[in-house]
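So, here come the structures, one by one.
Note that chain A is present in both complexes that follow, paired respectively with chain B and with chain C.
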Partner chain A sequence: MTKRRLIPLLCVPVAVFFLTIPLYGGDYLLEMLIIAFWFAYLGSCWNIVGGYAGLLSLGHATFVGIGAYTSTLLFTYLGVTPWLGMFAGALLASLVGVVLGYLSFRFKVRGVYFSLITMASTEIVRLVFEHVDWLGSTIGIFVPAVKGAGGAALYQFGPKWPYYLVILAMTGGILWVTYLIEHSRLGYFLKAIKENEDAARSLGVSAVRYQIIAMAVSGFFIALGGTFYAQYRLYIRPDLVMGVHFSVEIVMGPIIGGWGTLLGPVLGSLVMTPLGESTRWLTEVIKTTFHVQGLTGLHMITYGLVLVLVVRFMPTGIVGLYLKRKELKREKGIAAR
Partner chain B sequence: MLRVEHVTKTFGGLTALKDLSLAVSEGQIKSIIGPNGAGKTTLFNVISGFMAPEAGEIRLYDRTVTGLAPEKVAHAGIARTFQIVKPFNNLTVIENVLVGSLAVHGHPRVARERAREILDFIGMADKAEWPARKLTLEDLKRLELGRALATRPRLLLLDEVMAGLNPAEVDEFIELIRRIRKHGVTILLIEHIMHAIMSLSDEVLVLNYGVRIYEGDTRGAIKDAGVVEAYLGEEYLLA
Partner chain C sequence: MSCRCSPAAAQGKPMLYAQALINGVLLGATYGLMALGLSLIFGVLRIINFAHGNFMVLGMYASYWLFTLLGVDPYVSLLPAAALLFFVGFIVQRYVLNPIIEAPEEMSFLTTLGLGLIIQNLVLMAFGPDLHTIDTPYKLASLAVGDLNIDVSKLLAFIASLLITGAFFSFLQWSETGRAIRAASDNREAARLMGIDTKKIYCVAFAIGAATTGAAGACFSTFIPTSQDVGMLFTLTSFVIVIAGGVGTYHGTLIGGFVIGIAEELGAVMLSGSMKQVVSFCLLMVILLFRPQGLFGRESD
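Our next item is the complex of A and B:
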């Protein structure tokens, strides 16, 4: 009981810590944290489908792309503020999620085959966007920058700290949503279906229905992350917000931090992004000191290496490892009694 | 309450159920016995919606449930257990039961209360917070039963719930099944343990190669020449 009270209390200093960073942190630190929390947010959205429902989607970049492109196109062509446009994108992504989910689950496409279908679909969407001119093709789209005070109403800020606060709030929001799902009918049903689909169905749980709902919810929220990226960079291109490559990057955080757990994706991203950054920095140092060329892929190699090590030594991620330790300890306690 | 009428189910060239009919009346405990491969589990799979029969009809009260998806059959009031237990391993014992009760009561708080009652009923309240993967076979069988009960079934299909248990545990299960019946649940039982069948069943159905070779009261079954030849064996008569 005391522990249950302790955890929400612990959230306060953590929140205060992250909220006050803009007061003393420089732009470099903020940039890194914005990207880290952006991945934390995307990973948490993916986690609803990938972690809780156990459906390893490698196509979630599609939803991010739909979010980014819908709000951006609505703004550039019709002048709709991205604050509204992001919900249009979210609804569209949600719809695409439902269709994709229906086509997969209705026809019993599971496991590796589901991963393959989502991979293929996200590549198709990326290729379409790269070849249609009014969608910007491979050149991408620049979000028209607004000068002066009117920016905030159009989801544009001069300094970095407002973006930081937005993505921090979004991450907090998705954690709250995930927490609610975890303790709801949907959450229990998803976990049950993941554990044993036949048993869940024999108890009256429609696997297809709840898996589709998971896709819809996850697609809706992750698309909001797409709009965030478009507004932060003021530039989008298909290979930046779509495709398998980006899908895999979304999945990295949850897998390293612990998928199917509340805080796993956040922890994973907060570890991975700085790690990637420091490798990039190290690469620069090596390049300039030793005058060597062609080390551009080094941070990707580091990512790959970390992934291999994590899958080998802690397949349930950081949080999973912690939970296992705790359980072992408890069992020892019982045995000692 | 349940009528199975002229049901046929084949797997390729093999006829698992051949023009099979049976009836279960309200409040009854009926056992299905027969040698391995007689079609007992296939019958359960057909009734519970996991397999669609090629021909025939299954009716619960006045409603036909033939060809409905398993989750729809569950909502119609038929729950089942599996011969090889299928626990939700990484959920706790109470969460396992909760999935069943949530499927009928939308509200998590009501469903959790119901799940606690079920755990008391099956005698697992002390293990509520255990993960299911840590349970012994006996407890897994109990949990399987409790989870099915949580859906408030009218008809419960029990597929060898007592297989693999020691005699003392079998006696506990016999007692438990009697208590379930007292709550107004009709029970259809697949079992090999004759002691359990004899002490529980109102009626037995004997299957052999997908065909009914006997249906009626239990005493009659053990004297029936066909049943003895196909399933019980000569030794049973002598013993």
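Our next item is the complex of A and C:
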């Protein structure tokens, strides 16, 4: 019971720690943390569907892409500020999620078949975007840069720290939303459906409805992450924000950290991004010292290796490992008594 | 890179469609062979092998290098390519997949996804991002039948694929190992009770699945450029074929190969060449979403 109160208290120093980093951290550290928290945010959004509802989507990149493209197109063609455009993108992504979810779940398409459908859908969207000229095709779209003070109203900042604070706030927000879901009827129903769908159905829980709600919520929030990326980089291209490869990158954090847990995706991303960065750095070092070309695949190999090893040796992720240890300790305590 | 080969060019030209139909049938046999491996692996092991397309890319590279370095014809190097993939497949199943065979299906799925990433990027590191083509003597040759052209390299791939598929079916039907594989695929528990070493059978089945894929890769290398980044695409295409033909039926997979081959070639005529994958991905979604029960050959447990 005391623990219940302890956890929110613990949040304060952690939040203060991350909030104060811009005061002393350099640009390089900020860049890495922005990307790490961006993946933490995306992973947490995915977690609602992938972790809590147990539907292994490999198409969440589509929603990120819809978010990025909607706000950017609204801004470049109609001059709508991305602060508003991002909600248009989020609603659109949510709608796509509902349609995809309805079509899949009504026939009980799940497990790996659901993964296949989502993979195929994200590849279709990517290929279409790469072939339509006014969507930028393979060249992509540059977000027109705004100079001076007017930038903030258009979701553009000069230095990195405002972006950092934005993505930090977004991550905090999605954790709060996830926490609320976890402790609501929706969360309990999703858990029941995940554990045993037939049993849940026989108790009158409409599996289709709650799974669709999960898709809608997850799609809505993850699309906001797409707009963030577009505004941070001021450049988007179909293969950067869509497709299977990006979907896999989104899923990495939650899998390493522990899917279906509140903090798993954040922990996983904070481990994964520095790991990916250091292999990139290693690639550069090897390239310059030994004059070797063609080491570009090294960081994807790391991702692949991590995926294989995590599934084999800690299938429940970092958080799962911690929980299991705690359980063992408790059991030992009971046995000793 | 928007290809504007406009659909208008195809209108009123039934000849183009006939040509696409022929190409589709020729392509279909190799597609069928490619997907057979996936079908076997799924049927026996219930593993969704996401590294499948990457196995094929390995076969393509084996054939490319044997041709470039030693001048070996791709239809000869088909055997070493298959042998290499047999070896790779055996190792993968023995040391990576067998230990997690009892885990939920998502686990093996994620593992093969990771393997696919590793293979693809190892190939990228070793051979670079370039496209490679094999200039066989018959590369540009074609037979004219009326107004239609039949590419010799595609015809050869068609014949070779059908022969290998025939060999595959006879092996499965009549050999002792083939019978054990079918038994394990019908009922794991019963097969184990009958004294079949299922773990070993898994390795052999996975290896054979990979080997046929490698052979398909060698066939493809004669008319499709070899490159590292087509793996994911071929993986998805193989899934479309297996699902279209019905999961768990090997004959269905062959038919699925023809269906998808024809659909893609017709799609290439109607849309544009580089959009033809959209056709098969859309087919995958439509089949999974609207006819899931009807097309799954066997009761999924």
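Rule of thumb we're sticking to: the second predicted complex is superposed on the first by the 337 of 337 C-alpha atoms of A that agree within 3 Å, B and C clash if a C-alpha of one lies under 4 Å from a C-alpha of the other, contacts with A are read in each partner's own complex, and residues count from 1 in each chain.
Definition applied: a contact is a pair of C-beta atoms (placed from the backbone, for glycine too) under 8 Å apart; a residue touches a chain by one contact, two chains touch by 3 or more.
All of these numbers come straight from a predicted model, not from anything done at the bench.
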{"item": "When chain B and chain C are modelled together on chain A, clash or fit", "value": "fit"}
{"item": "Chain B versus chain C as contact partner of A:Val248, first or second or both or neither", "value": "second"}
{"item": "Chain B versus chain C as contact partner of A:Ser121, first or second or both or neither", "value": "second"}
{"item": "Partner chain in contact with A:Asp27 - chain B first, chain C second, else both or neither", "value": "neither"}
{"item": "Partner chain in contact with A:Ser206 - chain B first, chain C second, else both or neither", "value": "first"}
{"item": "Touching partner for A:Ser184 - first (chain B), second (chain C), both, neither", "value": "first"}
{"item": "After the two structures are overlaid on chain A, angle v-u-w for chain B, chain A, chain C in degrees (C-alpha centres, nearest 10)", "value": "80"}
{"item": "Chain B and chain C, minimum CA distance [Å, superposed model]", "value": "14"}
{"item": "Chain B and chain C footprints on chain A, overlapping residues", "value": "none"}
{"item": "Residues on chain B engaged by chain A in the complex (per definition of touch)", "value": "48, 50, 69-71, 74-75, 79-80, 82, 86-91, 95, 98-100, 102-104, 106, 108, 131, 147-148, 150-151"}
{"item": "Chain A to chain C touching residues, read off their complex", "value": "56, 103-104, 107-109, 111-113, 115-117, 119-121, 123-124, 127-128, 130-133, 137-138, 244-245, 248, 255, 293-298, 300-301, 303-308, 311-312, 315"}
{"item": "Complex contact set, residues of chain A against chain B", "value": "183-185, 188-189, 191-192, 195-196, 198-207, 327"}
{"item": "Residue numbers on chain C that touch chain A, as the complex places them", "value": "1-3, 48, 96, 99-100, 103, 105-107, 109-111, 113-118, 120-122, 124-126, 128-129, 232, 236, 239-240, 243, 272, 274-275, 277-278, 281-282, 284-285, 288-290, 292-293"}
